[in-house]
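The next part holds the structures, each set out as structure tokens.
Both complexes shown next keep chain A, but they swap its partner, so chain B is in the first and chain C is in the second.
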Partner chain A sequence: MAAFAAVLRKDLRVEIRSGQSTIALFALSLLIMVVLVFALSPQPADRARDGAAALWVALVFAGMLGATRSMIAENENGCIRALTLSPIDPAALYGAKLTAAFAFMAIVEVAAVVLITLFFNLDFGADLVRLAPSLMLGTLGFAALATLLAAISSRTRAGDLLLPILAIPLFIPAIIAGVKSSEAALSGFPLAAASQWLGILVAFDVLFVTVGALLFEHVIRED
Partner chain B sequence: MARPAVETRALTKTFGVTPVLREVALRIDEGNCAMLIGGNGSGKSTLLRIIAGLSQPTYGDAIVFGENSRGLGLARRRIGMLTHQSWLYPNLTARENLEFYAELYGLPHREDLAMNWIDAVGLTASSNDRVREFSRGMEQRLSIARTMMTEPDLLLLDEPFAALDPGAVAIVGNLIRAAIARGCAALLTAHAPFDLDIEVARYQIANGRVMPLRDEPRAAPRSRMGA
Partner chain C sequence: MKNKATAMLGWSTLIMMLVALFMVFEWVPTEEDQGIVQRIFYFHVPCAWVAFAAFGVVAISGVFYLWLKEQLFDDLGYAAAEIGMVFCTLVLITGSLWAKPIWGVWWTWDSRLTTTFILWLLYGGYLMLRSIADDTPEVARFSAVIGIVAALDVPVVVLSVRLWRTIHPAVLITRAGEHGLEDPRMVVTLLVSLAAFTALFGWMLMLRLSQLRTRSRLMIIRRDVALIEAAAGDY
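Take a look at the complex of A and B:
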């Protein structure tokens, strides 16, 4: 647990000091929102649907960037080898990287929700609160998947290209569930109306976190 | 009878069809020091990575404190390793880097420990500077402090004197001798033999094979750049 806390604290410290990931994620989210709001020109009836879609596009792209940055920092100067040789349990290491990625994404999402509310002319209120479960579950699942895949892609020459190719197809079912549950929340439906989609998100979270914790050791080890 | 810290048995490593190590048989007992001499790409670093469990042999085994390197358990934390990469975080200061590793290894009094080791490698004035701002030699010194700080029982040092000035060479030489004096085993690599003022078993590695080095005049360790 101390090693988990050490890695997490180190990741947060590096990020707060450089701000690279958070600033880049925020800028990317803003860009996506601007492009989509002009491309879709949403009518009042479609605002919830289009807003949910824009939010998840921002979440997926921001998540990929955040996870990649986190693993690139570990590969710089070969630090991941030091962590491999240290007494830290690989699952704890994965947990720390996942928690850091989740934290960065969550910060950006708060900003993205504010932007989407403004750009899509949505109401600040209970609808946004109801959005929280699908966003949190979606963020956890995507951070879990992206952290594992970023560990693979960051070791390859064309890693930046490889990550979306690997991540998006695997995450599509969760994206669908996330968009649908977010749309229900933004449309003002009660949480129970999206329970089926939230259940799917929970299942994917369990799957991605478990697989990540089991495979991370093999992914970071050399041949 | 001295116990082996490291023992390799017919250790073979190939990358694709290219053999890098061929049936390497090497034994280093606790409290002993061995030096592996070889040119660029001769397989020195690969051998060290396999012993540390960071890379898997194609055939054969490396036994480290009685554990097979293919799945090191408790023996892992008894290894201190220095590679061509510093294993330091550029955006953290020297002190933060060492404190992080001290916490990772569960060492007590990590703030004092980190400062003591920074002092030991002569980086006191730069303790609050980010590693990104360090010269190659300063980074190498801090990396040596990172390696030694956990008081490992086995030191795997890949060209430990690379990029160091004469003052730092003396400091690092003293640290290595002190570690061996307390019973630590050490395997060092270098491009050419040098004198460490202690008894060292010298081997050369060529064409993937490791064999004892025939006696020849040796120089004191000098600063060397690159692999």
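Take a look at the complex of A and C:
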């Protein structure tokens, strides 16, 4: 538990001091949404669907870069070897990295939600609050997957390309469920209407956080 | 390193395939609604079965590799992934060839097609990792993890895609003719074809596995030679 907190504090502190990854993530999300505005030419009637789509596209692609960045930094200064050699439980290490990734993505997403409200003419109101469960669950699942996969991709050639190739197919169930539940929220439906989708997201999260914690030691160990 | 068991499996596969081909093209009656095109079904379904079974082999090999650390399991997983990819591609192609005359389109996002396509993407990711990271010493461990994670993802994929398609049903009514096997000869033909394709999968797996095992042994030998030369060079 102490180790978890220590690693988490380290990651957060490094990020807060440099700040570059979060700002870059935010910039990337913004630009992805700009592309989608021109790609979709949103009409008011479709705004819930387009807003949900833009949000999740931004989440997936910006999140991918964020995950890669944090693992590359660890590899560059040999920190990952130090962490593996230390008596820290790999699951605790995984949990800390996952929490840090989640925190960064969550911050960027708050900004992204403000942006889609502006870009797609949504209302600042209860609809946005109802977005929270699907966004939080989706972000958690994505962070869980990305932390595990980035540990692999950061140690291979062309890791930046490999991560999306590995992550996106695996993440598809969460994308389907996330977009559908976000769309329901933005259309004004109560949370109960999206309960099946949220259930899928919960199952996804439980599965991949558990699997990630169990398998993380196998991907950070060096031969 | 072909051995007797593999050779026997090869001959059995040949015989079963010939029987299956005869049954599919000569013996089994033509289905009423769909006509001749329906016969693709007897290749399409076994390919799908092999594609999913191979995926299971990849995942289980991964578990055994992480647990026992035997190179054999890594080679087995890699071989199964390559062959599974071939059969998964065949599922998609034979499916499209069937779909065009029956449904009028080459592709549609119905739940089964979508799930198979995602399986194809998962295979692709595994093989990309293998080819990109081939010279990384930890590639076997990474591949095992990816194989396991992907296999665990498949049930969630099936669930979410199915829900996605019930809420927004596909444009076309699907499931036409897949389980409407009225004539018992159709069932028999399907089972024979399934057996033939399973034998084919097993035979291809054995061949590829022996190749990969030889390759792994060669890599170990090369590494040892390099170490010896480096040590000798110190004198």
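Criterion: the second predicted complex is superposed on the first by the 222 of 223 C-alpha atoms of A that agree within 3 Å, B and C clash if a C-alpha of one lies under 4 Å from a C-alpha of the other, contacts with A are read in each partner's own complex, and residues count from 1 in each chain.
Assume contacts are C-beta pairs under 8 Å (C-beta built on N, C-alpha and C of every residue); 3 or more make two chains touch, one makes a residue touch a chain.
Everything numeric in this text was worked out from a predicted model, so none of it was measured.
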> When the two structures are superposed on chain A, do chain B and chain C clash or fit side by side?
Replying inline: clash
> Which holds for A:L162: it touches chain B only (first), chain C only (second), both, or neither?
Replying inline: second
> What is the contact status of A:V110 with respect to chain B (first) and chain C (second): first, second, both, or neither?
Replying inline: neither
>> As a test of reading the superposition: which chain, chain B or chain C, is in touch with more residues of chain A?
In response: C
>> I'd like to know which partner A:I23 touches here: chain B for first, chain C for second, both or neither.
In response: neither
> Is A:R221 in contact with chain B, with chain C, with both, or with neither (first, second, both, neither)?
Replying inline: both
>> Per the contact definition in the header, classify A:A203: touching chain B only (first), chain C only (second), both, or neither.
In response: second
>> A:R13 in the overlay: touching chain B, chain C, both, or neither? Say first, second, both or neither.
In response: first
> Shared contact residues on chain A for chain B and chain C?
Replying inline: 221-223
>> For the complex, give me every residue of chain B touching chain A.
In response: 49, 52-56, 76-77, 79, 81, 83, 85-92, 96, 100-101, 103-106, 146
> Given the complex with chain B, which residues does chain A contribute to the contact?
Replying inline: 2-3, 5-7, 10, 13-14, 17-18, 73, 76-79, 81-88, 221-223
>> Going by the contact rule set out above, which residues of chain A touch chain C in the complex?
In response: 145, 148-149, 152, 155-158, 161-162, 165-166, 168-170, 172-174, 176-177, 180, 196-197, 200, 203-204, 207-208, 211, 215, 218-219, 221-223
>> Can you tell me which positions in chain C touch chain A when the two form their complex?
In response: 66, 118, 121-122, 124-125, 128-129, 132-133, 136-139, 141-142, 144-146, 148-150, 152-153, 156-157, 159-161, 163-164, 167
